[in-house]
Every structure is written in structure tokens, then in C-alpha cells.
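Structure provided below as C-alpha cells; questions to follow.
Chain lettering (A, B, C, D, E and F) follows the sequence in which the chains are written, and residue indices restart at 1 in each chain.
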Amino acid sequence: MTPTSQDRYSADYLDRVAGSLYSSVLSDILDEAGHRQQVMRCDLRPLYPGAKLAGRAATALAVAVAEVPRQPYELLMDLLDGIRPGDVVVAAVQGGVQAALWGELLSTHARTRGARGAVLDGLSRDSWGIEEMKFPVFAAGVSPADSRGRLEVIAIRQPILAGGVPVADGDLVLADEDGVVVVPAAIEEEVVSRALQKVASENVIRDVLRQGASIRKVFEEHGIL
Amino acid sequence: MTPTSQDRYSADYLDRVAGSLYSSVLSDILDEAGHRQQVMRCDLRPLYPGAKLAGRAATALAVAVAEVPRQPYELLMDLLDGIRPGDVVVAAVQGGVQAALWGELLSTHARTRGARGAVLDGLSRDSWGIEEMKFPVFAAGVSPADSRGRLEVIAIRQPILAGGVPVADGDLVLADEDGVVVVPAAIEEEVVSRALQKVASENVIRDVLRQGASIRKVFEEHGIL
Amino acid sequence: MTPTSQDRYSADYLDRVAGSLYSSVLSDILDEAGHRQQVMRCDLRPLYPGAKLAGRAATALAVAVAEVPRQPYELLMDLLDGIRPGDVVVAAVQGGVQAALWGELLSTHARTRGARGAVLDGLSRDSWGIEEMKFPVFAAGVSPADSRGRLEVIAIRQPILAGGVPVADGDLVLADEDGVVVVPAAIEEEVVSRALQKVASENVIRDVLRQGASIRKVFEEHGIL
Amino acid sequence: MTPTSQDRYSADYLDRVAGSLYSSVLSDILDEAGHRQQVMRCDLRPLYPGAKLAGRAATALAVAVAEVPRQPYELLMDLLDGIRPGDVVVAAVQGGVQAALWGELLSTHARTRGARGAVLDGLSRDSWGIEEMKFPVFAAGVSPADSRGRLEVIAIRQPILAGGVPVADGDLVLADEDGVVVVPAAIEEEVVSRALQKVASENVIRDVLRQGASIRKVFEEHGIL
Amino acid sequence: MTPTSQDRYSADYLDRVAGSLYSSVLSDILDEAGHRQQVMRCDLRPLYPGAKLAGRAATALAVAVAEVPRQPYELLMDLLDGIRPGDVVVAAVQGGVQAALWGELLSTHARTRGARGAVLDGLSRDSWGIEEMKFPVFAAGVSPADSRGRLEVIAIRQPILAGGVPVADGDLVLADEDGVVVVPAAIEEEVVSRALQKVASENVIRDVLRQGASIRKVFEEHGIL
Amino acid sequence: MTPTSQDRYSADYLDRVAGSLYSSVLSDILDEAGHRQQVMRCDLRPLYPGAKLAGRAATALAVAVAEVPRQPYELLMDLLDGIRPGDVVVAAVQGGVQAALWGELLSTHARTRGARGAVLDGLSRDSWGIEEMKFPVFAAGVSPADSRGRLEVIAIRQPILAGGVPVADGDLVLADEDGVVVVPAAIEEEVVSRALQKVASENVIRDVLRQGASIRKVFEEHGIL
């Protein structure tokens, strides 16, 4: 079920990743493969309970600004009008300003174009509307304050640092209630395949534990805890 | 629908503000009017999902104390027994002590007197009871620890700094899941009126975007994002 | 209803504590008894709304490590295989590393052995699964990252500092949506007994306040606010 | 050399405390006496190297304000015009605003009246002038911004919480390059007397260690490390 | 002594500002003029005692990056090779990465071109060499780690937010041991002129206070504290 | 000048490292070699200006405790009595408690045994005495509070995480006013050798820049900035 280069954005593939995998199992497999820094900072949280997404990073970098630029939102609009099905907007917001880069109108637009969610190392707003439409957004918080004159997107579709993790445009991103994991492209095929196997093992172990097994024995037999 | 001085506390007016407006649209209009610091710090959050309030600030300032005062709660009780319908208790708790200034019994009393909620740049407790009675409380967190001997209210009905925003007694406060916005009295009439218009525009734009419009075109035509 | 030494772990007793008491009333009684530091830091939060637990601390201390130890999880497995009915795992995770000490498989095992929940001055993971099974876990956050090679338990069943509060193995711990309270063994009997009385008083006061009583009069008559 | 109530402010006594003792030996003796919370937060630092003071707390509480009060500085001026020889101004500044409560002109005035320094759980300014006059000031930082319209003193000569420690007016305060220690009045006589003895012991141990002694033997013999 | 547009960069003028003024007096005058947000965050500190600078902001914005760019340092080198006498490099470093944007070689180059110092809302390195050459650098800290592959300058000579203050290229910046103050160009002439007058007043007051005057009387007569 | 395994602790070798190298040049060479996480957090600072050390890590891990252990200081004393010439005590203090693990008596002992300094991801005390004896100590701060009953060393001579960097016992540690760098044993020989070459290059560049060279040309020719 691993993707060839042409079907990396296929709805089928991404639906299977979102449906069968979760962030902690991906993190475990990445750990085993020696990629131990692929989990974003734990203050990036879903805007509503149950939010989950898997998709391809469409990256943006925003910085704090001191005044409204002559042409605000330029690159942000370029990114949004170029959204492809399977994309997840992943934005790094630098500069520590409390203003929302994302909101309900952008979510409405992004979903219409086929985006599967957004991950913001920064703030969102319109959380009530975003929850209502069940568009999975992960953010460091929310604020009613708009980004105009506070933040400006200065680069899109470039490698960024978001939540402490390097993210390249097109990387597989999976986010759920535990947090956000980024899978580097070079190892995606192997990681996804092994993660699917681990999910199966965990289901077995869960049943064994429910019957009162010693956790030491389970660990010795399965190597999983 | 803007208020004359006598009906600023009218249930009718405040219900319409709470029903038709939300924090992000108010923040946008305040930004346009050059009041760009009217949103409280984003760590002030509702105690339960869906909490929303609009009302008149009944201000209190509490500070950390090192011992139980001879007559604890004096000014807090003055504030509470003087609550008028339409009030929202807005308290700035200074000193970084982890104790709750607010709780379920105070919420019960305040609601009985007509208060519409509370905003605490500080902690609350009894969150389960407050959620049960659906009294909208916004706070920086919760703690089981009582304020007695930890915090004491030292001024009421005075201008305060809460969540980083100056609040005068009687200011219009609106809080929802995105955060807390304060509208200075001098511009309330204009701000509320323009916010109602903006809500209408956003409803139009949302529909246009759902049909797949370019976000750049929408922004060029409506000036809103 | 106070416990003799043999029935401190009885399901009956712990159920009554969890059913009749809550964290804020326990904190108040502890305050009155001069134990004013028994509430954990307010960033320790339930993983899902409504989580509540009362039980006996089964303590663990974990520290940040720089590599996978030869025999990972050793003491953690000792603790888990030794869980008795009535236990609550209370773990202090030191070192500031963002990795989860706890998760769904451990919760499954612990519940099977009779544990009533877990309190982590640290992170958990598998929050979706833990919520599904309604195993009450309180933590400083969640992260998909596993503890292997990041954290290691180095002491169990010893006195620890968790959430800023000293916790001895066997101490009564009660946690609900307001936070986590620890009752030292030496005063447990008295504290629980007085807390039950206070709950009754608060029910009376709540009714009085609902009828519009002055809060000052209520405080003068009942000494409670 | 312990003080009677009339000579607690004597220059002689305070000079001997400042000359013979230091903060760490006082902290050790307070620990032994069961007072383990008498050291202020470690971010309160001297404004210049070598600053040291011992004196009687002249307490003030300042809070963040949102506007310039009608009569600014009222209580601060009361405190300053009432300074007695031996006093140390100890101010708790609550509210997290970056503005300086203290500066060179106040230092000049305070020294003229006999004050021995200042301890601010808050900011100072004019650090260059204060260093030049060698007036020992301990603060959480410096800022050029004045307190007018940002902070206001709202209580003087009352018990305060400064640097996390309760301070009563008149308490003995000793501050040096290690930090700030507060000695409660009730145990001052015993603490000072035992601290002088400990200084003597440490001088002996230092010589023994310089000759290459085992630190375990030194600890076994002297009980000090 | 106020500058015409052609002599704003004159060594004579900037020397007089640095020699006669200091950050707290400039902050006071800016406060009076209603510009109350011109002081940078108080964690921006001089790298060595006694550092002081006055000059024209040469602004740069750097952001965290996840990899070494193809042509690292491009805009930083443009800024540096374009340094004019009187310039002060003012850099906003966004993204929270612990790496040094500035160091001794850049200081050597900048001084050779006539720069009067550097202000970094970020980190420096080579602090020992910078102190040795007495090039006044103000920073949020130091780190041995180079910026290559960690930070990249993405805009120069543009308006930035540094230390929480908007800074336009060419703005007058004064920094000393109290902190960093930015004077907006539109009011520079008036602010500098009034600050010089205030320095004279403070010298008078200092003498009056040294003679034991009541601080209340001094404030009533001079309006300064 | 690279060490064989027997002379890694030689005074001669360590003196040459401390005398010829500095933290930033080591960090640059480690970066080039792909070891980009070898610099400790930038809040670890020297206790006095000019402090510098190079030596072999003698590692300790201390954790927060809730009470005085039966035999306090056990492992700390083992470490200290086993100090060898060339050692640098490197201690990770976990648990966020404000108490000093290190002080003047320990410094006196360690120096007598040949230790070259101490690096604490934690606090020290007796800073005045440590500066007087010029024993280079790097720490996250100072506090008068002793570690007894607050912290306890629970492992020595084991791999630790200090300042965010893995440190193995015996690793080369260099600390100066810029910060603390750890050189993994496997690459020490190559890193030290290349760092010595880089120091020479920087001396050349410094002279070229002093003559007014373009920084772009310097970078193009030397690849160093």
C-alpha cells in the first residue's frame, strides 16, 4: 500500500494513513529508524476534540511585522489559491506575536480546494466555526486578533521549522489528539509500512493485557510497551 | 440598535451583541479604528466549550498576600452584593499565586443578581459546577486552592489591567471561544454598528468561497480575508 | 466512614471519597488544618472532560536520559506488575523532555490490575484510547513520542515531589476537573471526615444564594464563600 | 551579640551581620530550624558585582495600573520620607509590567535618610548611577521605563510576598551575590547566633579540604558540606 | 543641537546624544509625548559592563531555518558591506532558535565601516572578543553556536519589530546599562531637546536630595522623581 | 597534539585546549562534522567574568527530593573523593527546584584533587568565594539554598543530559564566556585538530577586515564569517 511518486497525493492513500495509523505509532517507527526529532512541540493542539488529519505539507513561513504592508496577504493568497487536494497547510509563525494567521474563511476556502487541514506553529481564530465545519486545525492557541499588520507570510512552499521540526513541502504530516508527526519523504514508504504492522501487534497485546498478563512478559515476548 | 446611556445595561441590547457578534469581528473593527490592543492574552480561556458572554465590566483587582487578612473577602463581597443585571465580573489577579479567586458559589450568587459571566486574569475553581450551571467563566486556569490567605481583592469598580488590556468599569466585554475583547466606551456605538455590518459581509464571502472562488479575487472585491 | 489501616485500599471507601468529595473541598479542609501546599501545579489537567479519581499513590520517579538503557522499562514494569486494587500511579517526570511516560497499553494493564487512574507530572500519549476506555489520567500534556531512550523510571514506591507536592507511597490522591490534591496519611481520617461535613454546608449555601441572599450575610453566618 | 528590641536597627548590629554573615550560611541555619522557604527566587540579582546589604525590611506593594493616577507616587513618597536608618526598602511589584519602580534619585534620597539598600521583586533603572554610588540594590532586572502610569504603590509597611517569601515590616533581610534571605523576627536572635558559629566551622573545614582531606570524612566529622 | 536631515548621521550629533543622554531620561520624555512603548524588552542586555551606544538603526530581520541555504549570509553581507558611519545594526531574530547571529568578526568589520554598535533581539557570540574591542553589543544572550543553517537574514533596511518595539531604518537608537530605547524619527528633534533639559533638572534634584530634602517637596516643586 | 588514550587527561593537553581554543570555534567544527547539538542551553553562564575551563566530564545526575534522605550526599561524596586531575564536574539537576548543588567547599575540595571546574545544569552558591578562588563554575544561576532535602545525586559517572546535550563520562568539555560545548569522544581528535587550524584562519581574517575589506569577499575567499 506504499505510494509511488504519482499517487502520494491520492485520497485513497491518505485516507488509509489517517484511518489506520495514529501519531504515536508513527513516532515509534520513526524512533526505531533513528529519526527521533519528528514530533512537534506538545503545545500544538487540535482546535476541537477528535480532530485528525493526514496529508502533504503545503508550507508557509510568517513573521511578526510592525505595520500593515502595502500589499497584505500576498503570499498567503498565493499559497491558498494554489492548494491541491491532499494538502495540509503547515505554517511556522515566528516572532511571538499574539495574532491569528488562520481562521474560518481560510478553512472554508482550503477545504473547497481539497485541503485536509492545517497545522500552525502559531494561532488560529474562529474556532467555533472551524469546529462546526470539522476542518481539522492544530495550533498553539487561538486569538480573535487578525494577522493584518501583525504577521505576514514571507515564504511559501519552502522548507520550514514548525513546532521544532524541519518540514519540507510535500512531507507527510499526521496529526491527532496526541500531537503532530512529520515523516521525511525519503523514508515514508518504509515507515508507513512498518507502522501498519505495529498497529496490528498492539491490538494483540491489548487483548493479552486485558486478560491480566504480566507486563514484563508481554514486553519480553513482543518488545512493545 | 446602538445604546443610549440609559440602556447600555439593557438585556435586550446585550443579548443582541452576544447573539449577533463574536470576538474576532469586534477585534477587526477595533483594529480598523486604530485600537489594536483590545484583545486579552490568549491564555484566558472558557471553562467549558461553547461559553460566550457579552456584558458590562464590573472590575476588581486582587493581589497575592502572605497571610489571611483580618477581614477576608471584604471588597470582593462589596462587589458581589452590588452586582447589577448586565454586569460581567472582570478581575485582574496579580502576583502569580496559584489559587482560585472565583468558584461555583460566587457564580451562583452573581447569576442570581443578573451577572452575565466572569473574566479572570487569574484562576477559577469548581469548574464542574460552573459548567453544569452554564455560567460563562473565562480564566487563565483552574485550581482547587481557595484564595483565602493567598489573594485578596484590594480595589473594585476602578480601571484595571486585565489580560494585558486596560478595562474601565462599565466597558463592554465580549468573550467567546476565540478569546476576550474589550470595547472602550467612547467608541462602542460605532464599533458595534460596524461589526454588525461586517458579520453580514462575511456570510456572503463564505458562500462565495464555498463555490470555489479565488481567495485573491474575494479579497480584492470585499477587502476581507 | 474513616478507614482503619486494613481498609484504606477498600473499593468501598475509595468509591465514597470519589463520589462525595471533590478537590476544592479537600483543599479547603487541608488549608484549615495548616497544610497549604497540597495542591499540584495547575497545569496538570485531565486528559478528557469529567475524569475523576480517588486512590492510593503508587509512586514513580522518572528522569531524562540521553540514550536507551540496556534494560529499558525495568522499574516501570516492576511498578506495574505490582499494582494493587485502589492504586493510582503518581509519577514525577523530571528533566523537561517532551516524551510520554504513559499510554493506552499501560492504562489497559493498570486497570486490569485494579488501578483507579494515573497522575503524571509529565506527559501521556494515546489520549484518544485512554478517553475511550475512560481511565482517568491527569498529565501536564500529551505527546506521541515514547519514553524509550528519553525517560527512565529510576525509583518506585519512594517519596517523590510531583506537581510541586511531596507524595508518599500510599497517600490518598483525589483528582478532578479542578486539579489534583494529596492528603498526607497522618491527617487523612480527620480531613476526609471534615470535608464530608463541608460538602453538606455548601449545598445549603448554594440554595440560600439562589434565593438572592447577600453574600456578606452568607459568609457571616456560615464562614464559607 | 543578639539584639534587644531597641537595638535591632543599630548600625553596629547590622554592620556585624553584613560583615560576618552571608546568605548561604543564614539559609542553612534557617533550614535546620525548619524554615525552608526563606530564600527569594533566584532571579533577584544585585545590580553590580559585590553588592551586599543587611537591614530591616521597609515593605511596599506595587501593582500594575492602566493609567496615571491623579496623585501618583503618594504612598511611595510616604514610605521614602519615613525611612529610618537601618531600613532596606523591600518592594513586591505585581502584574508583570516591564517598568522600573526604583532608580538613582530614590537611591540618593534613601541613602541620605540612612537606608542600607533596596530589594525589588521587580525592576530598577539608572543602574549605572546606582553602581557609581554603591547603593546595594537587588532586582529582577532593569529597564529605562519609569513606573508612572505603569505601576503604583498601594500599600506600605504591611506584610508582603516578595520573591516568593513572606516579608513583614522590620524583618531582617540579608542579600549578597548568592541571593536574598529573610529572617523571621521570632527566630532572628537564635538564627544569627548559630550562623556566626557555622561561619567559624566552615573556615576550619576549608583549611582541612585544602590539605586534601576526604570529603566524606569531613562530612562525617563536621556534618557540613 | 537638533539635527537637520543631512547631519542626522554626523558623529558630532551622535556623540553628543551618547555623551549627554541616557536611556531612562529618553524614555521619560517619550512617555510625556505619549509614546509609551519605545523601550525594548528588558532581557536585551549589554555584553559587557559600561557598554553604551547611540546611532541610526540599520535594520535586519532573521528567521529560524531548517537547513543551510544555498547562499548563506547573502542579505547579512549586503547589510554589512553597506554600513555607513553612525549606523547601529538592529536585528530582530525570530523563531526561538539558540544560535548567534552576531560575533567578533562582524563587529570588527562593522566598526571599521563606522558602525557604533549592535542591538540584537537574539544572541551574539565571541563575547570575550567583543568586550576586548569595546564594541557595544546588546543582546538577549550569547551562544557559541553559529547562525549558519539555523538562522538566515531575510530582509534588511525594512521596518522591523525588535525587542517588542517597531524600528524603522534610520531611527535613533540609544542603549546603555538600563536597556534600549528607540526614538521615532518624527519626534526626534523635540525629544532630544527636552531630554537635555531634563538631565539638567535631575542634576539639581540630586543635589537637593543629598541635603536631606523631603522627596514629596522635591516632587511638588520639580514634578520629577 | 591529539591525545592518545593514556594522555587524554594530561594537564599539558588540556591546557593547550583551554589556551588555544574557544567555545565558538569548537562549535563551528562540530557543526561541519554534522554534530549540531553539542552546545548547552544558553542560560548556563559563568559565575564570574573571564571564567574558562577545558577538561574531562565527571558526570552526576541529581533530582528533586521531598525530604532529607537517610544518608544525604552519598553519591556526591563518592564522585568528589574520586576526582582525578583533569576532571570537570558536569551535573544535570532535574526537577526545577531552586537549590544549589555546588558551592565553595566543594570547589575547594575539587580543586585540591585536580578538578578544572564545574558545569551545572542547575544552581551553585557561594559565588563570591568561588570567584575569589577563580575556580571556573558554569551554572544556570545561584541561590543561597543548600541542596540537602531538596536535591540528591542519584547517579555518577553515567551518561547524562546536561543543558540539553548528552554527556558521557570522560567527554571533553570546553566552557567560556560564550557557553559550554561538549566534544564526543569518537571525534575529539579530529575536531580539536581542525579547530586549531580554524583559529589561525580567523586571526588572518580579522586583520583583513580591520583594513576595510568587503565582508563578501572575505567570505568568498575564506568561507568563514
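Assume a contact is a pair of C-beta atoms (placed from the backbone, for glycine too) under 8 Å apart; a residue touches a chain by one contact, two chains touch by 3 or more.
Just so you know, these numbers come straight off a predicted model, no measurement behind them.
Novice: Where each step is a move between two chains that touch, what is the least number of such steps from subunit E to subunit F?
Specialist: Graph distance in the chain contact network comes out at 1.
Novice: Spell out the chains that contact subunit A while also contacting subunit E.
Specialist: none
Novice: How many degrees of rotation carry the C-alpha atoms of subunit A onto those of subunit B, rounded to the nearest 5?
Specialist: About 120 degrees of rotation relates the two copies.
Novice: Which one of the chains is farthest from subunit E, going by Cα centres?
Specialist: Ranked by distance of C-alpha centres from subunit E, the top chain is C.
Novice: Please decide if copies subunit B and subunit C contact each other with the same set of residue positions, more than half shared, or with different positions, and reply same or different.
Specialist: different
Novice: State, to the nearest whole Å, the distance from the C-alpha centre of subunit C to the C-alpha centre of subunit E.
Specialist: Distance between chain centres, rounded to whole Å: 50 Å.
Novice: At what distance in angstrom does the C-alpha mean of subunit F lie from that of subunit A?
Specialist: Distance between chain centres, rounded to whole Å: 38 Å.
Novice: Taking each chain's centre as the mean position of its Cα atoms, how many Å separate subunit D from subunit F?
Specialist: The mean C-alpha positions of subunit D and subunit F differ by 32 Å.
Novice: Which residue numbers or ranges of subunit E touch two or more of the other chains?
Specialist: Residues of subunit E touching two or more partner chains: there are none.
Novice: By the touch definition up top, name every chain pair that qualifies.
Specialist: A-B, A-C, A-E, B-C, B-D, C-F, D-E, D-F, E-F
Novice: Per the contact definition, I'd like the list of subunit D residues that touch subunit B in the complex.
Specialist: These residues of subunit D touch subunit B: 61, 63-67, 92, 94-97, 154-155, 159-161, 166-167.
Novice: Spell out the part of subunit A that touches subunit B in their complex, as residue ranges.
Specialist: 73, 76-77, 80-81, 98, 100, 103-106, 108-109, 112-113, 123, 125-128, 141-146, 148-149
Novice: Considering the complex alone, what residue numbers of subunit E touch subunit D?
Specialist: Touch list, subunit E to subunit D: 22-24, 26-28, 31, 36, 39, 41-43, 50, 176-179, 181, 202, 205-206, 209-216, 218-219, 224-225.
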